[in-house]
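What follows are several structures.
Each of the next two complexes has chain A plus one more chain, namely chain B in the first and chain C in the second.
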Partner chain A sequence: MSRRLLVNVFQSDQDILNATKAARENGYTIVDAYTPYAVHGLDKAMGIRPTRIGWICLGLGLLGAAAKLWFQIWTSAFDWPVNVGGKPLTSLPAFVPVTFEVTVLFAGVGTVVAFFLVSRLLPGKRPKVVYEGVTNDKFVLVLAEEDASFDVEKVEKLFAPFHMVKMEERVEED
Partner chain B sequence: MIMNLHKSEDVLAGIPRLRRNLALVMALGAITASIGAFVAPERAWPNILLASFYLLSLGLAGVLFIALQYVSNAGWSVAIRRAPEALAGILPIASLLMVITLLGIPSLYEWSHADAVSGNHLLQAKAGWLNVPFFVIRTILYLSVWFVFAFYLRKFSRQQDATGDVSLTRKNKKLSGGFLVVIALTFTLASMDWIMSLEPEWYSTIFGMYNLSGMLLNGLAAIAVVVIILRRTGPLRTVVTDSHLHDLGKLIFAFSTFWMYIWFSQYILIWYANIPEEVVYFVNREKGSWTIFAGLNVVFNWLIPFVVLLSQWSKKNEGLLLKVCVIIMIGHWIDLYWMILPPFLKTGPEVSLWEIGPFAGMIALFFLGTFKAFAQANPVPLKDPLLVESIHHHS
Partner chain C sequence: MAEVYSTLRTPLVLDNKSYSDITRDVCETLDHRPSTAWWAAFIVSFSLLVIGAVAIAYQIATGVGVWGLNNTIGWAFDITNFVFWIGIGHAGTLISAILFLFRQKWRTSVNRSAEAMTIFAVICAGIFPIIHTGRPWFAFWLIPYPNFRGPLWINFRSPLVWDMFAISCYFTISFVFWFTGLVPDLATLRDRATSKIKKKIYGFLSFGWDGSNRTWHRYEKVYLLLAGLATPLVVSVHTIVSWDFATSVIPGWHTTILPPYFVAGAVFSGFAMVLTLMLIVRRVLHFESYITLHHIEQMCKVIIATGGIVGLAYATELFVAYYSGNEYERFAFINRALGPYGWTYWIMVSCNILAPQLFWFKKLRRNVAVVFVVSIIINVGMWFERFVIIMTSLTRDFLPASWSAFTPTIIDIATLVGSFGLFFTLFLLFSRLLPMISIGEVKNVLHYANNGKGDKK
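Right, the complex of A and B next:
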């Protein structure tokens, strides 16, 4: 399946922010926005819902804690019991530092890996730059041309106050 | 935007009944403490020490917060800086309370009695540091040094409101850098003097850091409480956004976890080594109903803040953040009570008039003093070079 895209290039963060707001208010489908740096408020303007990666982080952290705690209890109290200073074999305070470290390790590394998987940034991935200036000083908003009623001229009029530099129709092949 | 940001009345002046009640609680607290000092010195003095130290920590945390912001060149906090500056404004009265607490030395500190020292080799060895004249000199030295820093940081900040001179920001940055070094050293020594020496045979090298982390956590909670009240009552209504609350919430979350980290660092070394002279500290604090306080301490200062403030929305939720901050402020009382009182109450904690009086009076004094100090300056630093950045801050 292919879809038709409309690539709009702007000159400043404020312009793309306002254009994005206007596009959403007028019911256009926003595919993505590309900026040289993080533009505050753009995620809200695009209507992206809050990320759920925090839940992955929490789950992985709990998994790390449980796994490491179990491992320590198993090694020091069951598989090879060692008496340390007359303390009980299962002494939780002694297990806390390592459990803490592994919780952080699982949660931290796991979240990064999860982020790469979710955004499909796998090794060998070739960069697809939507517009050359986007790595320097240009801001790009991509809209989807959903159906025949999509009118490029209407969009051009809508974006007129936002100093658009360029507008380009493209067909994306999957 | 800047229109109604000029000098405001004391927010409590708008609520005379609350002000009257706070003044009443303060007076009752002072009376209870004074009577207690004569009727039940062994019970009242530790609680007076706790109240003085608590109030002093709040004032110091205000200065520390300002210093951290200047040193890190932070823009986001400029619009709310007058709140920590108001906290710093209670340092003089808190210092006065601490000086009054010195009158309780005979009731508080075992090492101040010649007969206790003469029969104890350890106390004799420590007498060069732990003796009454040097103790009083040190206390006055700490208090004066802190006051000087607080005074000039506030003075330059207010001066800038009139002149708009950027060099005042540079001056405050230098002062702040100096203060960070000074507070690390002096607060470590001060907490060892005032609290650790209650049990003069016991020692813990992380004790100063532990108190510093608790002081900053409690101070951040108090700053958030003051900011939220000022936002609700008016002076900061148009200034404080969810982004400011979000950042305050992040700091509280981080320092709550830092406090827990330091708490555990102290605990595990002592628990592992199990040396009688060290471990006696925790043995005494887990005896009988002291265990309850040990648990509540961790729950109030870390578990509740950690779980509640874990997600972004809760840090931006004014009402929820306020509740967590109040829990932390109660938690800090539990923390200090658990540190200070066990040598005096071996069997378990007791909550009576001697506990409630001084603490409630001090809290009333804190709010009266802070809002009075806040009303003495413009609600925001009008000509700070970073004010615009702060007002448009987006976390």
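Right, the complex of A and C next:
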């Protein structure tokens, strides 16, 4: 299925922020916004749900901690117990540093891998650059033209106060 | 949020830049061929690296005996250099993670280079414990892997094992953090690249980044999480390094003050190195509008704060040695200041305590030449600090019969010089291949206190 898109190009973060708010208030469907940097507040203006990646981070951190703690106890006290200076075989305080490091390693690396997977960013992937300059100085808001009642001129009027530089209609093929 | 209009705040980007100016200024240096100055610097650094490589090859082929070590002094230049380089690295993580959590927006101009510096410093540091094993081809024995010797596992109660985990984890996380920050900028480079090869390489590395705000939204969260993870990590790493000493029973090492003292010292020395590098970068690549005097001043303030902590630690150590009533501890500190290596102690004190006091004066904090000289003095002082801690305690331990002295051999010195060569070679290559300033993050603070200038409102 293909859908019709309306690509609106702005020049500053404030403009795209206000335009996004206006579009949402007027009930337009926002496909995505493309910006050269993370514009604060734009995610809220677009109505993106808070990401759940924090839970992945927590889960992986706990997994790392548990796995490493188990591994240290298993190697030191069960698989091949070695008496080191008469210390107890499961000397938990001594296991804290490595457990902590592995927790951070699992949580950190895992979060980044999850981020790239969820965002479908992979090495060598061909980028779909929506508009030239979007990684430089252009701020692009993409709306979906959902039905026949979609009026481009109305949108143009709505965005008029926000210094829109360009407006383009496109058909997206799947 | 990106808009903070206040006359009380100092703008972070000067000269009325636009978004595309930032992109152009940062990327332009990558477009043309390296300058003569770059080649000169590269040839010098690379030669030092070769000297170091030859020294290490000779040492590996012959044995650790080519160093000035003896029965009493088992740690000297190698561990000094190791602690020194790890410390250098810590400033990068502090800038990228801790200042991020504290919402210090000035970090954006320096964090990319500082993080790169961290990675290169950790690489330099990592070499020393590996070659100190004497048989580096068995260095993988440090990793717990199922083996045919039992399997006999490593001793998880040993601080040296903690250290191995801390350093490798620190390197990995620093690299991941740095690379994640680079992806959007690599996309910028990809989109402006004209040559096919550049487009391909930057395209491959930028993972198909398209600036989508759904991605940016997650990216911000990931960045926050990484900063939150890296903050305790950086504290833990130098704490664990200090435990290499503190968990032993050698007078002068066996103290509880060592972890905070090491962490503060690490940040102190690291900021000095950031300043040394950034002042050169700023001048050579004309980044004066991005790395402003305000940035330099802020870093000087961090130096004076951490330098103060280091000074307090020196004083506390002396007091505790006296107050403990332990004669070995007392002797260790009298010997530290007045013994055969007393001169190194006084170099340390004058470089680390006296020199930074200049930064109390605003005029001097904004004087690039003064800051540059002081930053180098601090680098020297912090190298000596590690040397003092290691050497004075080892040369004079409990038994006078085993007292000894250490003189570095030419191989010791060549290896130290080589590590600097490696560091600067890597940094110079970085300056030619990747954007040295985080383009996206600087754009975000462009309007910070820039009262409407350059704003299209």
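Odds and ends about this structure:
As a convention for this text, the second predicted complex is superposed on the first by the 174 of 174 C-alpha atoms of A that agree within 3 Å, B and C clash if a C-alpha of one lies under 4 Å from a C-alpha of the other, contacts with A are read in each partner's own complex, and residues count from 1 in each chain.
The rule is simple: a contact is a pair of C-beta atoms (placed from the backbone, for glycine too) under 8 Å apart; a residue touches a chain by one contact, two chains touch by 3 or more.
Note that the structure is predicted; figures quoted are calculated from it, not measured.
Three-chain overlay on chain A, with chain B and chain C in a clash. Of the two partner chains placed by the overlay, neither chain B nor chain C lies in contact with A:167.
In the superposition on chain A, contact of A:121 is made with chain C only, not with chain B.
Using the contact criterion defined above for the overlaid structures, shared-chain residue A:40 touches chain B and also reaches chain C.
Look at A:54: by the touch rule set out above, it reaches both chain B and chain C. In the superposition on chain A, A:94 contacts both chain B and chain C. Counting residues of chain A touched by each partner, chain B versus chain C, the larger count belongs to C. Using the contact criterion defined above for the overlaid structures, shared-chain residue A:136 touches chain C, although it does not reach chain B. Of the two partner chains, chain C is the only one touched by A:72; chain B is not.
Once the two structures sit on top of each other via chain A, chain B runs into chain C at 308-316, and not at any other stretch of 56-64, 74-82, 308-316 or 434-442. The intersection of chain A residues touching chain B with those touching chain C, taken from the two complexes, comprises 40-41, 54, 87, 94, 97. Note for the complex: chain A touches chain B at residues 40-41, 50, 54, 58, 85, 87, 93-94, 96-97.
Across the complex, chain A is touched by residues 264, 267-268, 271-272, 274, 310-312, 394 of chain B. Within the complex formed with chain A, the residues of chain C that make contact are 1-3, 18-20, 23, 144, 150-157, 159, 161-162, 165-166, 169, 172-173, 176-177, 180, 183-184, 187-188, 190-192, 203-222, 225-226, 229-230, 232-233, 236, 240, 243, 439-441, 443-444, 455-457. Across the complex, chain A meets chain C through its residues 11-15, 32-43, 46, 48, 51, 53-54, 57, 61, 71-72, 75-76, 79-80, 82, 84, 87, 91, 94-95, 97-98, 100-102, 104-105, 107-109, 111-112, 115-116, 118-130, 132-137, 140, 163.
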